[in-house]
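Note sheet for the following structure.
By written order: A, B, C and D. Residues from 1 in each chain.
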Amino acid sequence: MDAITLQILNGLDKGSAYALIALGLTLIFGTLGVVNFAHGALFMIGAFCAVTLNRLLTLSHQVVDETRTDFLGNPLKVDVPYMHDLFGEVTGAAIIDWSVPLAILFSIPVMIAVGVIMERGLIKHFYRRPHADQILVTFGLAIVLQEIIKQIFGANPIPTPAPDAFTGSFDFGVLLGFDPNAIIYPYWRLVYFAFAALIIGGVFAFLQFTTFGMVVRAGMADRETVGLLGINIDRRFTIMFGLAAAVAGLAGVMYAPINSPNYHMGMDFLVLSFVVVVVGGMGSLPGAVAAGFLLGILESFASMNEIKQILPGIDQIIIYLVAIIILLTRPRGLMGRKGVMED
Amino acid sequence: MSKTTLTRRGVLRTGAVAGAGVALPTIFTASSARAFTNAPTGGSVTLGFNVPQTGPYADEGADELRAYELAVEHLNGGGDGGMLNTFSSKALDGTGIMGKKVEYVTGDTQTKSDAARASAKSMIEKDGAIMITGGSSSGVAIAVQGLCQEAGVIFMAGLTHSNDTTGKDKKANGFRHFFNAYMSGAALAPVLAKMYGDDRKAYHLTADYTWGWTQEESIKAATEALGWETVNAVKTPLAQTDFSSYIAPVLNSGADVLVLNHYGGNMVNSLTNAVQFGLREKQVNGKNFEIVVPLYSRLMARGAGENVKGIFGSTNWHWSLQDAGSKAFVQSFGTKYGFPPSQAAHTCYVQTLLYADAVQRAGSFDPCAVGEALAGFEFDGLGNGPTLYRAEDHQCFKDVLVVKGKENPTSEFDLLEVVEVTPRAQVEYAPDHPMFAGGSLGACNPGA
Amino acid sequence: MFGLGKKDFTLFLIVAVLALFAPFILNPFPTDSGLAQFNAGYPDLMQRFVIFGILAIGFNILFGLTGYLSFGHAAFLGVGSYAAVWMFKLLSMNVIPAILLSMIVAGLFAVVIGYVSLRRSGIYFSILTLAFAQMSYNLAYSVLTPITNGETGLQITLDDPRVLGVSATADGGIPVTNLFGMEMRSFETLVLGPWEFQFSVGYYLAAIIMLISFYVAIRIFRSPFGMMLRAIKSNQNRLYYTGLNARPYTLAAFVISGMYAGLAGGLLACMDPLAGAERMQWTASGEVVLMTILGGAGTLIGPVLGAGFIKYFENIFSKINDQVVHGWVSFLPDGLEDLVVALIHPFVGKGWHLTLGLLFMLIVIFLPGGLVEGGQRIARRLRRKPAKDDAKSASTTPAE
Amino acid sequence: MGILDVKDVNKRFGGLKALSEVNLSVQENTVHAIIGPNGAGKSTLLNCLVGKLIPDTGSVMFDGQSVLGRKPFEINQMGISRVFQTPEIFGDLTVMENMMIPLFAKRDGVFRLHAIESVENEATLRERAEAMLSDVNMLEKRNMHSASMSRGDKRRLEMAMCLVQEPRLLLLDEPTAGMARADTNNTIDLLKEIKEKRDITMCIIEHDMHVVFSLADRITVLAQGTPLVEDIPANIKGHPKVQEAYLGEHA
């Protein structure tokens, strides 16, 4: 029982990452009708926002320490971050320690700007082009973005730890009445889950309760009619693209402490998030979220030993297997609408 | 088109000429066939450096390439000569190889067997490379080794740790300087037993592909021989990025040691996840819970950041070694590039020197002659102490380093400290050891 | 001629001439010149051009005609390769049985995957094919290792049975793939002044098979069957009410296209007897899609051009390192030389992905309809004719 | 017994009764119109005839065989062709290609793998297609890209595609819906011409009474999913129930 609870927790956590990426992907698809293969790259750029801020905060000057030597036998040069000079060693270290949460603030404007530039500069010209062209151009863009990151930051993963206050784990099982040590869960993953829930809730509330959101939803349902009403839907769609980019970016920022960011993490998530979106139903926001959590949880269950012993290799294929079963039983995914991307 | 000369560089056997006669016009007359593929003609000789330049191992590949460039510089008499000065064999004199200037071509393996072979083929067919070297994974090494055997050139493996490279997939034209999973186990197990006791219960997480399996098998055998019990061994998909669902159940399994048979990005993520789940702060069976990473790479350890502190593993070489060879290499590499070399860089540099030396001693670029010169070659001064290139399987036998993550690193390169240098005798095994059985070197292939 | 219309015959003839003289055409630069780096006329790359050409031609029969975008086509390439290597291991090193088996196995695989996936259309179909291919890849890399040899890829070894051949050659080596004694890897070099041209048996076998595949593809495009496939893309509803069942047509197209992929996979194994699991990964499937769109989906020659384009960058640009760049610009003063090298550096060698990505974007932005469209534009400009709209609308546009 | 017999057909969508107790018989070589106000169930009835919908109860017999449970393409192969409300043609194909497809369907059945033969060599079929095109005055447009034609031409093309199959029953779903008066008249003329030139049975679903009175031999008036009257046009015009049904709609 505790093993199952543990895997549900893991699943919710994986699911939140899938859901956040899929949410933006389906939002862009639903509003703009664009199949965005560069969405994974936005997630990756988000994670590198955290890395960048960390790098900025740790900008250092070098102080020579005569007592120690470096690998060539010369006196060791020790890096001293300017933050320590500015705010003193304790406060400076604390600011650096909190670089990931601070990166949330840093990433929002950056990601919105990236999103808006992408939309205005490139995607806009592809609204009326075939999906095949959209795939080609966004795939090309994804490669370019990740190669730029690779040229700047290298190919290796870059450790980006969470603040000390959130490292480590706590005994979640005791809260639920299990034995001590039965369910140990890292703080940061709980933070991630809560954060994801907050963002998802925020996006839904925004679309549900603001006029802006209502127009966008109407546009998702029937773009031409809304256009006929004389509302400048294009400008709103640009903003939506920025928003979707910000959601993907925030998902990336917060993901950085879970897995050290590397330049190809976007591609790793891209295929999965497409599967999530399609399983949820193209263009359906609740579908994307539901499918994200569903696949996350099923993936976690499939990695349990007890299950792998019966079905070797099931964890390798579970997501795809579930996708096939769902698409064969429900033609348009969990909550897809008729006629979307079926021609 | 005033003058038409005709040479043969191709790999064309008489049988093929007869068979292909229909397809080939008569201007192709058989001239004096040379004895081997891509025999160097002019004043230079071309080596092929096949390293990952894209994909997750690109940084490791870049470091390998730096080492190759350095080796070429030294062979051609440039720089400070590096390990040429400490190498026990004095055949090389800084005038290239057999008086021919060393040139090189590079290619991208993409860490994919297919792409690596395409890239190697292009270097052999287009650029006339006489030797191929490099690589950052065992799958690629074995695939390229197979290709070189067929094409009739020498393959000097780069970073490849699987037992199979010099085990069931060994080839007469292929040579490995790097250590292997068996050696990791043999070196690591006694240290682990000493540090953590001999009644530990281990839980393995293993990357689900051939290298992972051979390492799991090796470590299991070595630790069980010293009294450890293996509670469970779970395979994880290669493409996995979040290992939480594999790590979470470890605490309740009764195990008190977690062995991560992962490399590269897998290792960074699984180790990071394991530390996040607080495994190292727990007590199980009245002992501190411990994590072991049998194959360490400094480049990868960087990706895991703080999490590597105090974690044991093994490595082929480390820049902090204080023997003359290592110091010379670190000196020239560090001076040229500004940071210390990785173990991948070291093995690639050494392989290049060993190849050049073998050619010089054999007095020929003929792969069979070079192979003979390498087989059974005893040498020293290249950073690992006295070393033997065993004739039976073309595996180098040398000391193995047991390392652990450093608690107080002085720089971003200073992540590991050497705990023990396991002597060569302790990691040796018979060529027909069951973990290496099933293949044969076959005959050397000069290509024509 | 040969059952082709005049235009098609001309196209076929051009392709045939290009294929047969490729060793000359692809090696325009003298061997010792700095530009020799850009020569592509060596056997391995030429083989890859035509083999991936076959793959893209086959893919285009499905995607270009019916509009069904398969994102799992690499799986058929992979099983084709595995089938061929197994044939080399078990039967003999002759390529004929290997090629035949690779087509049959890929065809059967396509029947199963197609039967299930074609129950859905649009992106749902794409994701179904992607899911099947990824499952094949993941399993081939791990639990199916006994069949696929996982990470390393399936290789031939000295102790394979090879019932109709020999396990090892007389001198202890592994036998070589051949066509009744003609070894695939053997080649002849012709030296003309500073130029060197290589003629490879393997390349010519692959090129001839590519020409046959191309010919068959033209016939399919011009056949009633091909017309039905275009009708499916255009209006499936009308097709149903015209008394035609789209499903067997799409399934047939899927299987034919799968067999093309299997053939390509089999040929890859014939040229180099190793079948790696990465051949089945989604990125490999994506590459086929990119080749087709890049060249021009729905056009006859486009996919072949697209395949050549991508493979050229993969194999040529990835090999340009700083040393080579320095060689090109060594005539410049030192400071300027370093600057130029620094500017070129990000786009070559390990940066070849960046160049490829940029080119994808540029082509799709400025040449909608791919390279073929670009060629047509240039041709029109040369003829100084104003671009006509009907010419554009008459050509088959890519699927939505 | 007509060529098409609809007996006691009922169809519900959830709580909504779309068709109730529909009985209808279309006689061979007549033009039978089904008219009714919006929401009368005309389209539902048509969809039951062509296999898109299956009635909850009742039977639909075509030439003595039930069409129920058959797919649209099987029903077409039985001899029923359909013209859609908005012309459904193969927009990416040329006019001639549009014509060839129904001919292939007629000759080769629902599927045939004729992958190596050339369309160019099908001389007989081409002649028939050209003859049909000249019948509808479109021969000169045969190489045109069909998507770029006017709506009227598309309508003609669609009819030609149906007629070239020589169907035993041609179903027309509001063939003039959304058309300007001139186009409507052209279509009426076209249909009249077809009716005169060929022995053909037509069943027209129409909202516009003007269209049907000039064409139909018999008219069924449908209201709220059930047939009100069936008679010759002359008797329909002044029928009180019809007035009521239509006025009711306008009120």
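We take it that a contact is a pair of C-beta atoms (placed from the backbone, for glycine too) under 8 Å apart; a residue touches a chain by one contact, two chains touch by 3 or more.
Keep in mind the model is a prediction, meaning the values are calculated, not measured.
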item	value
Relative to subunit D, chain with the most remote C-alpha centre	B
Chain closest to the middle, measuring from C-alpha centroids that were averaged per chain	C
Inter-centroid spacing, subunit B versus subunit A (mean Cα positions, whole Å)	35
Centroid distance [mean C-alpha coordinates] between subunit D and subunit A, Å	53
Computed distance of Cα centres, subunit D from subunit B, in Å	74
Chain centre separation in whole Å, for subunit D relative to subunit C (CA means)	46
Shared-contact residues (touching 2 or more other chains) in subunit A	313, 316
Touching two or more other chains - residue numbers and ranges from subunit D	none
Subunit B residues counted as touching two or more neighbouring chains	58, 62, 208, 235, 237, 239
Chains that touch, pairwise	A-B, A-C, B-C, C-D
Subunit B-touching residues of subunit A, taken from the complex the two chains share	2-3, 6-7, 9-11, 13-14, 17, 68, 70-72, 76, 78, 150, 154-159, 161, 167-169, 181-182, 184-186, 188-189, 258-260, 262, 264-265, 268, 299-300, 303-305, 308, 313, 315-316
Parts of subunit C lying in touch with subunit A, wherever the complex brings them together	67, 69, 116, 119-124, 127-128, 130-132, 134-135, 138-139, 141-143, 282-283, 286, 289-290, 293-294, 297, 346, 351, 353-354, 356-361, 363-365, 368, 397-400
Interfacial residue positions of subunit B with respect to subunit C in the complex	1-13, 15-16, 18-20, 23-24, 27-28, 53-54, 58, 61-62, 65, 69, 104-108, 112-115, 117-119, 121-123, 125-126, 137-139, 142-143, 146-147, 149-151, 164, 169, 208-211, 235, 237-239, 439-440, 442-443, 445
Complex contact set, residues of subunit B against subunit A	55-60, 62, 208, 232, 234-237, 239, 241-242, 244-246, 248-249, 251-252, 265, 268-269, 272-273, 276-278, 281-282, 299-300, 302-307, 319-320, 330-331, 334-335, 339-340, 410-411, 413-414
Subunit D - residues contacting subunit C, complex	50, 71-73, 76-77, 81-82, 84, 88-94, 97, 100-102, 104-106, 108-120, 122, 145, 147-148, 161, 165
